[in-house]
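See the structures that follow.
Paired with chain B in one complex and with chain C in the other, chain A is shared by the two complexes that follow.
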Partner chain A sequence: MSEPREPLHTVLRSPSKEVVMGADKPFVVIGERINPTGRRIFQQQLRDGDLSAIERDVKAQVEGGADVLDINMGVPLTDEPELLVKAIKLAQSLTDLPICIDSSVVEALEAGLEAYEGRALVNSITAEDERMEQVLPLVKKYDAAIIALPNDADEIPMEADKRVVLTEKIVRVATQEYGIAIEDIVIDPLAMPIGADPTVGRTALDTMLAISQRWGLNMTCGASNVSFGMPGRHAINATWLPMAMTVGMTSAIMDARTPQIVEAVRAADLLLGNDEWGMNWIAAHRARQAAAAAAGSTT
Partner chain B sequence: MTPDEILKGLYDETLAGNGPAVLSLTNQALEMKMEPGTLLFEALIPALEEVGARFERGDYFVPEMLIAGKAMAGSMEVLRPLLADTGVQTIGTFLMGTVKGDVHDIGKNLVNIMLEGAGFEVIDLGVQVAPEKFVAAINEHQPDIVGFSAFLTTTMPMFKANLNALEKAGIRDQVIVMVGGAPVTQEYADVVGADGYAADASATVKRAKALLAERRATVNA
Partner chain C sequence: MSEPREPLHTVLRSPSKEVVMGADKPFVVIGERINPTGRRIFQQQLRDGDLSAIERDVKAQVEGGADVLDINMGVPLTDEPELLVKAIKLAQSLTDLPICIDSSVVEALEAGLEAYEGRALVNSITAEDERMEQVLPLVKKYDAAIIALPNDADEIPMEADKRVVLTEKIVRVATQEYGIAIEDIVIDPLAMPIGADPTVGRTALDTMLAISQRWGLNMTCGASNVSFGMPGRHAINATWLPMAMTVGMTSAIMDARTPQIVEAVRAADLLLGNDEWGMNWIAAHRARQAAAAAAGSTT
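What follows is the complex of A and B.
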C-alpha cells in the first residue's frame, strides 16, 4: 500500500475569514440548511420575496459550528440567479463564513460568483463534458474552488475503479484545459444510500482511499445521503463521517444543527491529530459549560 | 402443508423479505396445483400492500421494502408465464423512466417495486430516457400510465419536454402521465401539465390506482 500524498490545501475566503481544507486540517463543516429543496413553505416564502427563513437558517448553522455555508436557491418556477444573489448578499451581511455556491443552473452560479465577496466553493460539476465546459471557465474567472462528482452522462458508477477513472478525467480537464489549480478541486466520491445497497459504503471508502493516495485531493460528501431510508439517521451519519475521514474525507455538506454529528467530526479531528492538544475540543467543551451556566442562571 | 398454510407462509415470508423461502413456497404451491392467480392476489400483493402501509407509518424502512420486493419478484418470475397462460390480467401497465440528463434511479426503483407489488406490470426504461424514447415505448407497449422521474432541478424541465413530445406524437391522451422525484412538488406537476404526482413509492401506488380508476370510469361512461 502506498502512502497518502502530501495533503493539498483548498483555501476559501470571505472578506474577513479564511478557511483551509486539507487532510492535516480540522474537518470543514459546510452547513447545508440554506436550501429550499423539499421545503414547501420555504419555497413559497422565497417566491413571495420573503427571505426571513434564510436569516434564521444562517444563524442556526453558524451557532451549530459550521465553517462554510452552502447556499442553494433551487426553487422551481423562480428566477434562480436573482434569488441566489439576494441570498448570498444577505448571508454575507449576517456572517463572515465563506460560502459554497450550490446550483445546477449555470446562470445562477455565474450570478452568485459575481455577487460573492471572497473565494467561493462552487457546487458542483460532474465528469460530463458539457457541464465542465459551462462551469470550469467560471471557476477560473472568479478564482473559486470546485466540487466535482465522478459520474458522467451514462451512469453513477458503482465500482471504485470507474470513479477513479472519472476523477482522473476531471483533474486532467480542469487543470490542463481550464488552468484550475489541482488543490482547488474537491471530489465528492458519491456516498450513496446504504439502505438501498449494502455495498455502497465500502465502494465510497475504496474510492476515497484511492483518490487520497493518488492525488491527495480534498473530498466532501452530502453527510446525510448514506442514511437515507434508515431509522437512527444521526447515528449513522455520525459514524460515517469519522470513518470517511480516515481515508481522506476533509469536509461534508451537513446540518450543523445536529450536535451528535458535529461532535463526531470534532472528536475525529482530535484523534487524527488535526486538533493539536485538543484545543478546539476543550474550547467547545468550555463554551457548552458556559452556555449551560448562562441558561441555568436565568431560570 | 395445506393451501391456507402455503398462502400464509408466502405472505409472511414476503413481508420478511425471505426470497429463498418465497420461491420454495411458490414451487410447492404449484406442485399442489394451486392457481398462480391465487398466490398473486391472496398472498404476494397483500404482503406488499402491508409493506407499503408499514412504510407509510414509519414502521418499515427502505431495505425492508427492497428485500420484500425482491422476494416477490423471484416468485413472479415463476408465476408470470403461468399467469399469462391462464389469462390473469395485471391491474395495469406502468411505463417508467428517469428523464434525459439524469442518471439517478434509487427512488425510481423503489417506486417500481411497490407498483409491481400492487399488481402493475412495470416496464422500466432505465435512466437518461429521451423524449423520443418514451414516445416509441408508449407506442410499443401501450401502457396505461407513464412515469417520469427526475432528481435534479435542472432535469425537471424534461417533464415538459416529454409531454410536448407526447403531444406532438398525438399520444398525450392515450396515457396517464405521472411525475416524481426528490425536488418535484404537486405544484410543479400541475404547472407542467402532468396528471399525477406522488411524494414516495407508497403514495405513487395509491395515486396510480386512483388515476387508473378515474380514467376507466370516464372511458366506460
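What follows is the complex of A and C.
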C-alpha cells in the first residue's frame, strides 16, 4: 500500500494573520471574485479609477468564508502594475486575509509583491522555461509561495504521468536553480471541463494522487473549471472539491459566496480528520440555523 | 505511480433487469429503507402480517433512483425466514430491481436465496471463520454475490493495513475454499461514525484506496454511518460518498429518498467519467427543473 508523504506546509501571511496549507489542515478557500475577467462593468470602473467594487467583493468573499483572497487586475488598456498595487493596498486596508497575487504580466507580479505586506502566494507559472526564469527569482526575492501548472509550451498533457513528469521538472528547477523551498510550490493539476472530455476528471484525480504520494505537495485548482458548459454547476463543483481533497487537493480558487460549495469543503475537512471533533462543522451548522431562523425559514 | 487494477464487475439480476457494479460503471444505489430496524410501527405491522409498508417503501426507493433494493426483515419474535421470503416475493412483484438479501440469520438468507428469482447480493459476512463457513456455501449454491466486512471476532481493526489483511483472508477463503469468483466479493471497508473518532474517515478511505489498487474489488458501505451523531447529516453523507467513490467505492446502502445525496453520487459519476457526455446528469437536471416548475418554484 502506497502511503502519502508527510504533508508539506505552505505558509501565507498578512501582517496579522497566518494561513497554513497542508493535507492535515483545513482546506484553504482562495476567494476568486476580485478579478475583472468577464465582468465588463467592473473593467470600465477600473479603467476610470473606480475601485469601489473591490470593497464590496472583498467584503463578500470574507463573509463567505474565504481564507485567502486572489487579486487579478488584468484589464486591457490599463497600467496593470499600478492598478494591482492599488488593489492590493486597498484589500489590505479592508481585511487581514493573505493575498494571492494573480497576473500573467511579470511587471505586475513584481509591483504587487513589492507592495504586499506579508508572505504572498503568486499565481502562476507553468513548466515553461521562460516563465520560470521570469517569475521564480521574484518568488525567491520576496519570499513568496508559487502556484505552478504542469503544462509547457508544447502542450497541456492529457495523461497523468506526463503531468507528473512536468511537476518533477518544476520542483527540480524551483528548488535546485532558484533555492525555493519545496513546501512553497503549490501545484495546479489542471482540472479541465468535463463537458468537453469525460476523461479529464479522472486524469486530474490520478495526477493529484500521484503528486500527493510522491512529494506531499500542496495543490490547488480553479474550482469551477470542471463544470464549465454543464447544467447544475454548483452541485458539480460541490462534489468535485471533496473528491479532489481525497487525493491531496488542499486549496481552491473559488467564489466563497456559494454556500453549497463552502459547506461541501468543510464537510470534507471533517471527514478527512482536519476538523477535530467537528468544532468548525458544528459551529457553522449553528450559524446556518440561526441565519435561517432570522430569515424566517427552516433548515 | 500506483495504478488501480482493471475494475472487476459484480453482476446482479432480476428476471428482467441486470445491474453491473464496477469502477467504470455508474454508482449503484442500494435502497435501504425496507428494513424495520429502529421503526417500531413497521415492526408491529410485520408481526401482524401487514406488509403494506413495504409497498410504499419499494415505490419510494424506486422513484428516488435506487438501482438495487436491500431487504431486511430482522424483527424480534417473528419467523424471519418466512417473513423475508414474503417480503422478497412482494418486492419482486412490484419492481424489476435486483435485491440485496440482508440478514444475520443464516436460515433467513437461505430461504431468501431460495425464493429470489435472479442473481442476488447477500448482506453480509465478516472475516470470521464460522460466518464464512455458514454463508459462503449458500452464496456458491445460489450463484449470488456477497458483501464482506473486514473485521473478525477479535476486533474491528482501526488501521487500514489490518483491514487489508482481513480482506486478503476473505478473498482467499471465498475463492480458494468455496470457488466463488473474485468479482462476486463486495467489500464494506467499515466506515465508522466520524463524531466518535475523527480519524475513521481517513482510515476507511485509505482502506478503499489500498483494496482498489490491489484487487479492483467492488466496495459498498452504509452511507449514513459516518455522520451518525453529527448535525447536518445529509450534507456530510452527500460529501462522503463522492470522496469514497474517488478511491473505489462503487455502491452504497442508502436512502434513495434524499435527493441531495443521490445528486452528489450522480455528479461524481460524471466527474469519474462514468456518465459519458453527461447524458444522465443532463437528463436528471431537466427532470429536477420540470419538477421544480411544476411545484411553482425555481431551481
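Methods note: the second predicted complex is superposed on the first by the 287 of 299 C-alpha atoms of A that agree within 3 Å, B and C clash if a C-alpha of one lies under 4 Å from a C-alpha of the other, contacts with A are read in each partner's own complex, and residues count from 1 in each chain.
Following the convention adopted for this analysis, contacts are C-beta pairs under 8 Å (C-beta built on N, C-alpha and C of every residue); 3 or more make two chains touch, one makes a residue touch a chain.
No experiment lies behind these values; they were computed from the predicted model shown.
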In the overlay, answer first, second, both or neither for which of chain B and chain C A:Pro193 touches. first
For A:Thr175, decide between first (touching chain B), second (touching chain C), both and neither. neither
May I ask you to decide whether A:Val105 touches chain B, chain C, both, or neither, giving the answer as first, second, both or neither? first
After superposition on the shared chain, which partner residues are touched by A:Thr78: those of chain B (first), chain C (second), both, or neither? neither
Quick check on the superposed pair: does A:Gln43 touch chain B, chain C, both, or neither? Answer first, second, both or neither. first
First, second, both or neither for A:Phe228, with chain B first and chain C second: first
After the superposition on A, what does A:Glu155 contact: first (chain B), second (chain C), both or neither? first
Going by the contact rule set out at the top, does A:Gln134 touch chain B (first), chain C (second), both, or neither? neither
Under the contact definition given at the top, report the residues of chain A touching chain B in one complex and chain C in the other. 195, 198, 230-231
For a test of understanding, state which residues of chain A touch chain B in their complex under the given definition. 37-38, 40, 43, 74, 76-77, 104-105, 151, 153-156, 192-193, 195-196, 198, 228-231
Complex contact set, residues of chain B against chain A: 61-63, 66, 101, 103-104, 106, 109-110, 127-128, 152-154, 156, 182-183, 185, 187-188, 191
Applying the document's contact rule, which stretches of chain C touch chain A when the two form their complex? 1-2, 160-161, 164, 194-195, 198-199, 201-202, 205-206, 209-210, 213-214, 226, 230-232, 235-236, 238-240, 242-243, 245-247, 263-264, 267-268, 270-273, 275-278, 281-282, 285-286, 288
